[in-house]
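In what comes next, subunit A is part of two complexes: it sits with subunit B in the first one and with subunit C in the second one.
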Partner chain A sequence: MFSGLVITGQTVAFFLIALFLIACGVMLLSMKKVIYMAISIGGVFIGAAAVYILLEADFLAFAQVLVYAGAITIMLLFAIMLTKHDELERPAVITAHPVWSVLGTAGLGLIVLWVVKFSGIKWPQATADSPFQGQDNVKMIGESLFSQYVIPFELVSVVLIVALVGAITLANKEEKN
Partner chain B sequence: MLSVEQFLTLGAILFCIGLFGALTKRNIIIVLVSVELMLTAVNINLLTFARFGLTPSINGQIFTLFVMTIAAAEVAVGLAILIALYRNRNTSDVRDQDLMKW
Partner chain C sequence: MADFFSWVDKPLDTHAVLNMIIGAVVILAFILGVVTYSIYFQRKLIGWMQWRIGPNRVGPLGLLQTIADVLKLLIKEDVVPEKADRNIFLIAPILAFFPSFMVLAVIPFSANHVFTAYSNVGVLYYIALSAMTIIGVVLGGWASNNKYSLIGGMRSAAQMISYEVPLAMSILGVVLMAGSMNLVNIVEAQISFPYVWYIVPQFLGFCVFIISATAELSRTPFDLPEAESELVSGYNTEYSGFRFAFFYLAEYVYLFAMSGLGATLYFGGWSGPFLPGWIWFGIKVTCFIFFFFWLQATMPRIRTDQLLTFAWKVLIPLSIVNLVLTAVLKYLLH
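Take a look at the complex of A and B:
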């Protein structure tokens, strides 16, 4: 399948991480308790951070650990406990809906994998040495963010503050007068 | 040596797992989590082409940063909506939220 694969430390690390990621994803789909599902998504987020390091995006890997594995997972756990924390996922009733979900997802997956593997597209060949050699990742991101992308950056900060205020307004219990 | 195809395959598999979860799970929180999983798969693809693409540059990483920010905002608003729904309907099952269903 991966013809011409040279076994190096990087490829071994990649396949271990990929195995961990997919195992956590399958656990997310197959676990009975909702709380275990939320914990397995934490595993997926940490594995994704490891993939980011393999792709030489160090800053994003740390941001992923902080934002996703730290904040979002804990927030999901809080939300589960605030609703019904010992609730089991109800067994799926056999109707037409799950069948179509399986068929649609499998079809999409097969099409994408066919495009990646067998359609004859020549993907750019990976070079052995990094294109960002000798450059500080954080410095590059900072310079790009505050020169070329300064307007999207400011807009994103506005979106974040609106989302925060909106979330508080939505979740706030209205006063009974 | 790592190749583009390996990362694209991993991204495709994770995306399909997330899509299946979003379509079949019954708890709203898990549906939200599955959407996050799909976004993570997309981020892996973006970073792959930022590192291994024809013109490797930092732009893919900047875009991933924006995707992560919007995803965090999405989770915050989604969980707030979930808390409000749970207060009003006392359930977190997707199929019970049928007030606007035609």
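Take a look at the complex of A and C:
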């Protein structure tokens, strides 16, 4: 299956990142303490950002690190620390559930493997004359955000402002009571 | 100057691997030297400003003082409090240190430095990664299971998150002027035709930048997270030995990185007449570090409530005004 695989920086990095991502994901599911889960989900966010870098989407990757690995993980940590942080998940009751999950996961994996490798679909390959090849990622995103997608962009910012003001109003009300 | 993606498609042979490892080791050795002597410089300088002599016992002029201190830290016992959350307590210093080392990758030390990443998102890279140090600090404060550490960690997170906003907004003015987030291109934009460093057209932005940078580095007058007199040094109270050294190291690596960023954004980085680029970069960075130490010797600490109000009600509006002014002027002058 891996015949003719050239060892480039990309392949090595991909396998390391994939290992890291899967390890963090498994840790997220199997850890009992909530705070360990929060750290593992931070690891998952960073791993996803690393995959974006491999796909040469550097702006998206560092936006992901800034928003998810930075801000959201810290918010999760704050929420856990300021509430009941000794919360443990209850030990699970033994059921047939894990067996079905393993079967389902294996089935999905086989389907994906078949689609990617053996179904004979022609996947698009990057060539020198592909559109936008070798252009500045940041510039392209900025230009399309402010021309083609300007109305959705503005709407999203309005929604965010409303959320911000709403959060402040709610917090203020509680303080007065 | 290595392109940010140049390694992706090339076959990975021994030569390339060796290059990467040597690059990392050289930068690590360099940064350890810089940190060692900025701590010495700090103690000597503040000593002089306070009419003392400063360290002068170990080695000639006390030059080996910091090395002796580091050696002492490394051979100390690594104490983990009994009630602490052991695993998080152990990894928190690592989480705090590794982003501080990674941000050095995009800072252009000289005109043709082999280890600088020519990244199109350099500024964003710095801001995104430096935000991750907060996780290490908060976790370290929480895992110690000590109320002073917890308050220190929380204060630190609140302060760093609040001041990251005006910091990023003030940098946006520079990005707008240069038309690029690439730090190398920003330096080149300052060298090209009207040879003027961005400190002149971006003076308001620079004021916001230097204040937020001081707060981001938790240095006096914004050293509330480790206020010795009230918090017994904050999030790292329970740490000893080389784990404490890691927190300390991260703090000083950021001092260097932030100075490098300031010199690159506002003072033309490695550009300058007669001398080679790396000497100019060194001079500018030293001036920045000197400025931070000078502030430390001069200013008292401000209050917590004043700190956050100042960020949200003064610095952020100012940085927005700066951004809008820059955009309007750039449009009119075109």
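The rule is short, and it goes like this: the second predicted complex is superposed on the first by the 122 of 177 C-alpha atoms of A that agree within 3 Å, B and C clash if a C-alpha of one lies under 4 Å from a C-alpha of the other, contacts with A are read in each partner's own complex, and residues count from 1 in each chain.
Quick note on the criterion: contacts are C-beta pairs under 8 Å (C-beta built on N, C-alpha and C of every residue); 3 or more make two chains touch, one makes a residue touch a chain.
In this text the structure is predicted, and so the values were computed from the model without any measurement.
S.K.: Touching A:12, do we find subunit B (first), subunit C (second), both, or neither?
M.R.: A:12: touches subunit C, not subunit B.
S.K.: After lining up the shared chain so the two structures overlap, which partner does A:150 touch, if you call subunit B first and subunit C second: first, second, both or neither?
M.R.: Neither partner.
S.K.: Check whether A:141 is in contact with subunit B, with subunit C, with both or with neither, and answer first, second, both or neither.
M.R.: A:141 sits against subunit B, while subunit C stays out of touch.
S.K.: Is A:39 touching the first partner subunit B, the second partner subunit C, both, or neither of them?
M.R.: After superposing on A, A:39 lies in contact with subunit C but is clear of subunit B.
S.K.: Classify the contacts of A:160 with the two partner chains as first (subunit B alone), second (subunit C alone), both, or neither.
M.R.: Touch status of A:160: first partner only.
S.K.: What's your read, subunit B or subunit C touching more residues of subunit A?
M.R.: Of the two chains, more subunit A residues are contacted by B.
S.K.: Contact-wise, after the overlay, does A:103 reach subunit B, subunit C, both or neither (first, second, both, neither)?
M.R.: neither
S.K.: If you lay the two complexes on top of each other, which residues of subunit A touch subunit B in one and subunit C in the other?
M.R.: Touching subunit B in the first complex and subunit C in the second, residues 6, 8, 10-11, 54, 56, 59, 63, 71, 137 of subunit A appear in both lists.
S.K.: Spell out the residues on subunit A that touch subunit C in their complex, using ranges where they run on.
M.R.: 6-13, 35-36, 39, 42, 54, 56, 58-59, 62-63, 65-66, 69-71, 73-74, 77-78, 81, 85, 136-138
S.K.: Which of the residues in subunit C come into contact with subunit A in the complex?
M.R.: On the subunit C side, the touching residues are 4-5, 7-12, 16, 85, 87-88, 119-121, 124-125, 127-129, 131-132, 134-135, 138-139, 142, 150, 154, 157, 161, 181.
S.K.: Show which residues of subunit A lie in contact with subunit B when the two form their complex.
M.R.: Subunit A residues touching subunit B: 2, 5-6, 8, 10-11, 14, 18, 21-22, 25-26, 28-29, 34, 37-38, 41, 44-45, 48, 51-52, 54-57, 59-60, 63-64, 67-68, 71-72, 75-76, 79-80, 82-84, 87, 89-90, 92, 97-98, 101-102, 104-106, 108-109, 112-113, 116-117, 123-126, 128, 130-132, 137, 140-141, 144-145, 149, 152, 156, 159-160, 163-164, 166-171, 173.
S.K.: Which positions of subunit B touch subunit A when the two form their complex?
M.R.: Spelled out, the residues of subunit B in touch with subunit A are 1-10, 12-21, 23-27, 29-30, 32-34, 36-37, 40, 43-44, 47-48, 50-54, 56, 58-59, 61-62, 64-66, 68-70, 72-77, 79-84, 86-87, 92-93.
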